[in-house]
Amino acid sequence: MDQTQIQKKIQELQSLAEKSSVDIQSDLKRLQEKLVDGKMTPDDIWKKILLARNADRPTTLEIINHIAENFLELHGDRAFGDDAALVGGIGLLDGRPVTFLGHQKGRNMKENIRRNYGWAHPEGYRKALRLAQEAEKFGRPVITFIDTAGAFPGLASEERGIGESIARNLKEFAMLKTPVICFVIGEGGSGGALGIGIGNEVYMLENTFYSVISPEGCASLLYRDASEAADAAAQLKLLPTDLLGFGIVDGIVPEPDGGAHSDHALTAAHIKTQILESLKRLEQKTGEQLARERMTKFLAMGRFVEEGSSKPNFFQRLFSLNRRA
Amino acid sequence: MALFTGVIDRLLGRQQPLPRDIAFKDERSFVAQKHSCPSCHAHLEAGELENNLYVCPKCGHHFRINTAERVRTLVDAGSFQEFNQEIQSINPLGFPGYEAKLGESKAATGQGEAVVNGYASIEGRKVILSIMNFKFMGGSMGSVAGEKLTRAILEGAEKRHPVILFTTSGGMRMQEGIFSLMQMAKSSAAIAQLELAQVPLFVVLTDPTYGGVTASFAMLGDVILAEPAASIGFAGPRIIESTIRQKLPEGFQKSEFLLEKGFVDAIVPRSELRRTLAFLIDTHPTE
Amino acid sequence: MDQTQIQKKIQELQSLAEKSSVDIQSDLKRLQEKLVDGKMTPDDIWKKILLARNADRPTTLEIINHIAENFLELHGDRAFGDDAALVGGIGLLDGRPVTFLGHQKGRNMKENIRRNYGWAHPEGYRKALRLAQEAEKFGRPVITFIDTAGAFPGLASEERGIGESIARNLKEFAMLKTPVICFVIGEGGSGGALGIGIGNEVYMLENTFYSVISPEGCASLLYRDASEAADAAAQLKLLPTDLLGFGIVDGIVPEPDGGAHSDHALTAAHIKTQILESLKRLEQKTGEQLARERMTKFLAMGRFVEEGSSKPNFFQRLFSLNRRA
Amino acid sequence: MALFTGVIDRLLGRQQPLPRDIAFKDERSFVAQKHSCPSCHAHLEAGELENNLYVCPKCGHHFRINTAERVRTLVDAGSFQEFNQEIQSINPLGFPGYEAKLGESKAATGQGEAVVNGYASIEGRKVILSIMNFKFMGGSMGSVAGEKLTRAILEGAEKRHPVILFTTSGGMRMQEGIFSLMQMAKSSAAIAQLELAQVPLFVVLTDPTYGGVTASFAMLGDVILAEPAASIGFAGPRIIESTIRQKLPEGFQKSEFLLEKGFVDAIVPRSELRRTLAFLIDTHPTE
């Protein structure tokens, strides 16, 4: 990242803000965080990947139990089955009803078999959509916890349309007329993560990653050797600081010293703080606004050039954020 | 200024650059070559194939075709007018070797990217086309593919012309990392806009269509057609076999399998595609 | 049926019509048809049942092929499978796009195995809903052809929620903002028929029946003997003339001499005439109106008394028809 | 005039009769009887059962209960106020023996029909209740059941009070023929109205729930709860066995089976029902 370029852009934004009185404080904060983000070696990055996959990290249901006063898990897609790898339900958060959704890993082998290690099938994504639309109907915000290596790559998964189920969620979640806030709490694995990742605001816990392909998968393709995963991980730029810098996520939720697994309650408390802060902001908006902003946000993602200009369209997202109605 | 000509400008109602009247560069796959049908092993002349829409006259096997061939076999002669050609890939992660791979694909296909957008007419009906080419880095979808698909879809919403997407892809483009993943969300959000505008989206799945493409716009058509015997899936067969540790059934992930499983509205041979799309356009009025 | 009562009601309606200038001609016609409907013996009724089940009657796809200039069958529920027992697609009818749906029986043993004898599974009802909602989105009327002994009573059917799939259709079809016209073309078997039977107008072909239970099923329960089906059929009042008299269906489509099987083309032509006549009427209304009228129509069905009145609420449906907005 | 006090009047905004303040007639199933638990065969006293909400204290088996017992174990004491009691069945087809069967059921249950509507409160929250009783002609659904369910649902839509339906039924009431079948459509159309009003519908499936009830309002709750080990299905097991000519799996059509198959949101023991419904009411605000 060219720091001079970033500094220059910050100055531009500040003068813009003075002239037009638009609020760009969060954008400036984001840019400044990039400046203090030092260079990491592939080994440093790999340590983060291992932390993200640590089997003792708090799971979706554990986080919910920490932060919600009351929670009722709701099951089933009303068509085929109930997927234990993707759970959801209604909870109270400081007295306010919210709908929670999240990938669910097990704590031990037996649980993991039942939970399919957090690899969801189509019925999981369809349940998520059903519950999200139920939340929308009754004006409840939707909070999602992303923690999956990916959607399950299996025969049954293909037969029942894992692609269709994720695709439908991408479209339908974009249109929800209620706040949606997403947290990557462990592994953010590709389409399986994105299937519950279309939020007005998306956050990552400090020791997590979010990637189009697993480091191992990437290494197999790049080096024909999955053991080169650390190098691949470094190439993929999949850490929270990377994604914050790219404008893909909206913030990083700090973890306790040593990582989320060392103190579940404190990790959950940090998440709760962020939810409440985000809700304060999002609940001021109408359902229409929330849907339009969410769509606009994702419509603006991507980096490319258009012929006739020498600049990459690097600040397209920032630009869009400032123009949001 | 190019920075400000993206999706956002469209949403904000700003002027877009006019489409450029550039003839589509014709780089045929089948020029001056002899072919053996991979299905029935018949020996075929390139001319014979071209005259038969690149379908084996002996067994009906549908050869993979490139964008030029798709355009020529589909739309009214002379009606295709490319747009968004000026959008080009960068290397946002500084991924090693990415520029070289882009260069190879550009040279091999004569295209700037894996997706080509165009205005065209099909039996006199105006449509917006967005066509993927597997020969361009395996039809992988990065920021440019996502942007082009998105603009084609929003162009359809604005002009109220039906949008037709031809898919073929190995999945998302690893070299663009998270930007590539987000193209799934982006193209799907564009389809949400199209849906709100009540303008139809027709998807034609062609061989092969995999990964993030199958988990986004490919499955979001109002009507989803597939060419016969195309391979279509989310995870590839090898990944699945290594997961479930057993052989996959005969015909797995073929068009006919997807039809049986409920994900494809109809399998349409290439020779029927024009007529079928014309019928769908007529029965999905946008006025 | 007490004919004096009906005659009296007709007079009441006529004086009402004179005063308020509401259009009740179709209601009067319906009442008068009841008066000319002579008494039938159980044997006569049973002959009609056999005609309704005649294997040579025109099927849904055959009728569509006769009446539509062009037809594209569309497959699948986009979730689990494609049900060959319940088909659908888009066709042109006198140049106008419509969506057709219908139960599909086979012409021979092999076809019937593939079509499951017209007993649909949940994915059939879900496909029907998907296609109906697609029709609504693009302003196409929905025409359904009912011809089933019932929804399939099997293990897979229960596992995938045959009850849920029919229930959802009852609710969602009620709300469709497009004309829906239904025809019983053979057997109208209980919930499996009703699952594509929520129309603004519902017609029965002359030699068909529509019933809450099959005559055989009713006989087993009543007489512990399915061979008493003819008597049961007589008790159930399931013929077109009965249902027209009850105000449950809106008209009877005549069949060629000998029955529909003797002349498919003529049968189809009669159906087409009715569709075009109905569309002429329904296409004048807004989507909102169509949905509200359809809901009101089904909300008014049923016969009971309320204490304090000596009369059954026999004319509730007629009343509602006259008050429709 | 009774003719004009139906659903239509409500739709047209006319006045409805005020609910009558009549104490619900209490005809307990378990008065002065000894019981053997059908699940664990424990010998149980009626008082013991009554004190435990008619749930076997040894194994948790949920006994079927009647309307009075449901009301007493569910709502705030004294809060239940029946309405629509004045709606009574006729014999619209002149079906032989129907009046006699109705008379027997009336005598056996002390109820006028298989469905009872009431206003009530659950832990202080106002609700509209509609409760089926299997002892009234097997909970079969005819015109009166359909009308009562419909009025309860529309009452909820109008007053913006959550609607709670307790299902138990053998299916539609054959003796009312096509009128009975149409009650499926009628109650579902009422739920469409409730949905448009964005007022929540909670369904509690109890043992047994079959036939047309399962294919209409029972499956249309915003949240669907089930009591443990209730039998719930469309076709009965005997019909299915005769169709597929094989034994059905253990636990088929039980609440736990439906949960696994995705049709039940949660299985809630009777002891948790008040608390669960109160929570659902709080999290589905209607203002």
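Letters A, B, C and D name the chains as they come in the text, with residue numbers starting at 1 for each one.
We take it that contacts are C-beta pairs under 8 Å (C-beta built on N, C-alpha and C of every residue); 3 or more make two chains touch, one makes a residue touch a chain.
Computed from a prediction, not measured in an experiment: that's the story for all the values here.
Q: Would you mind checking which chain's C-alpha centre is most distant from the centre of chain A?
A: Looking at centroid distances, C is the chain farthest away.
Q: Could you see whether B-C or A-B has the larger number of C-beta contact pairs?
A: Answer to which pair has more contacts is A-B.
Q: How far is the middle of chain B from the middle of chain C, if each middle is the mean of its Cα atoms, in Å?
A: For chain B versus chain C, the centre distance works out to 42 Å.
Q: From the C-alpha centre of chain C to that of chain D, how far is it in Å?
A: Here chain C and chain D have centroids separated by 28 Å.
Q: How big is the gap, in whole Å, between where the Cα atoms of chain A centre and where those of chain C centre?
A: Taking the mean C-alpha position of each chain, the two centres sit 49 Å apart.
Q: Where in chain D do residues touch two or more of the other chains?
A: Residues 195, 219, 261-263 of chain D each touch two or more of the other chains.
Q: Multi-chain contacts in chain C: which residues touch at least two other chains?
A: 78-80, 160-161, 164, 168
Q: Examine which chains touch each other and state the graph shape they make (line, ring, star, complete, other).
A: other
Q: For each chain, which other chains does it touch, given as pairs?
A: Contacting pairs: A-B, A-C, A-D, B-C, C-D.
Q: Considering only the defined contacts, which chain C positions touch chain D in the complex?
A: Chain C residues touching chain D: 151-155, 157-164, 166-168, 170-172, 174-175, 190-191, 194-195, 197-198, 210-213, 218, 221, 235-238, 242-243, 246, 248, 294-296, 298-309, 311-313, 315-316, 319-320, 323.
Q: Using the touch definition from the top, list the residues of chain A that touch chain C in their complex.
A: 78-80, 122, 126, 160-161, 164-165, 168
Q: Mind pulling up the chain A residues that touch chain D in the complex?
A: Touching chain D from chain A are residues 70, 72-82, 90, 92, 97, 123, 127, 134, 137-140.
Q: Spell out the residues on chain B that touch chain C in their complex, using ranges where they run on.
A: For chain B paired with chain C, touching residues are 195, 198, 200, 219, 222-223, 259-266, 276, 279-280, 282-285.
Q: For the complex, give me every residue of chain B touching chain A.
A: Those residues of chain B that touch chain A are 1-8, 11-12, 85-90, 92-93, 95-96, 142-144, 146-147, 150, 172-174, 176-186, 188-193, 195-196, 211-212, 214-220, 233-235, 239-240, 243-244, 248-249, 252-253, 261-263.
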